[in-house]
């Protein structure tokens, strides 16, 4: 859903017209691994400038290795802090 | 849930005391059609000044016709853009 | 999920470094009662300064008595109003 949201936003506003980082938090980090069924969609979004972020807390609690994530994924220490900090910086927030 | 949230907000703040647009995105657009079980509740909210919005991307991907929606529903090109733009304009966001 | 988010935020930023109120709305208020399985986790969060809020509308519609909630829970008249008002006051919003 988040990937579709980001794709629709870019399609509507125009590539380069908006920054739309996508943060995977909780169980959603499982969608980032190659073979999740979302790999091609995420790679395409990354190619369009969408920053793909993963929460380290979530990876750890699921026993996932950061090395198994595609190179375009950037791991942040805590997804929740990213969500709070970005909003304080006036980013909009969408929970799919 | 969103309809109940809007109704509770209006009841708490007072009719005319707040603007509470309700955006149906994704599968939620199916709740807008007459006969969804929500029709009366939505019509009542609309009568209280709640703007009822539907995402055109969602309607299309579900093969739904805009003509089948009640007259009080306003279709926006992309729900995701509406969510981002409104927050940039300082609207609060609630995801039910 | 909200309790885990609050705990992770405090762990990441440092106790005292952030205010992270937790609002239970809708069916989530059922998680606040002693014996819900979350009681110890919520008491610990409260001890770390996390304000635990419950929506009175939700309690009423579920037929729950405010007296049955732990003493550290503060009941607000309408959760939805709290969410909107806090965002207008520049609080960040996270929907778990």
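Labels A, B and C are assigned to the chains in the order they are written; within every chain, residues are numbered from 1.
One rule holds in what follows: a residue touches a chain if its C-beta (ideal position, glycine included) is under 8 Å from a C-beta of that chain, and two chains touch if they have at least 3 such contacts.
Quantities reported herein were computed from a predicted structural model and do not represent experimental measurements.
**Student:** Subunit A-subunit C contact: same residues or different, taking over half shared as same?
**Tutor:** Both copies, subunit A as well as subunit C, present different residues to each other, with under half of the numbers appearing on both sides.
**Student:** Would you kindly give the rotation angle relating subunit A to subunit B, two copies of one sequence, based on a CA superposition and rounded to a multiple of 5 degrees?
**Tutor:** Angle of rotation between the two copies: 120 degrees.
**Student:** Quick check: how many Å separate the C-alpha centres of subunit A and subunit C?
**Tutor:** Between these chains, centre-to-centre, one finds 26 Å.
**Student:** Return the residues of subunit A touching two or more other chains; collapse runs of consecutive numbers into ranges.
**Tutor:** Where subunit A meets two or more other chains at a single residue, that happens at 93, 95.
**Student:** Which residues of subunit C touch subunit A once you look at their complex with the stated criterion?
**Tutor:** 1, 5-6, 8-9, 11-13, 18, 90, 92-96
**Student:** For the complex, which residues does subunit C have touching subunit B?
**Tutor:** Per the touch definition, subunit C meets subunit B at residues 26, 57, 77-81, 83-84, 87-88, 93, 95.
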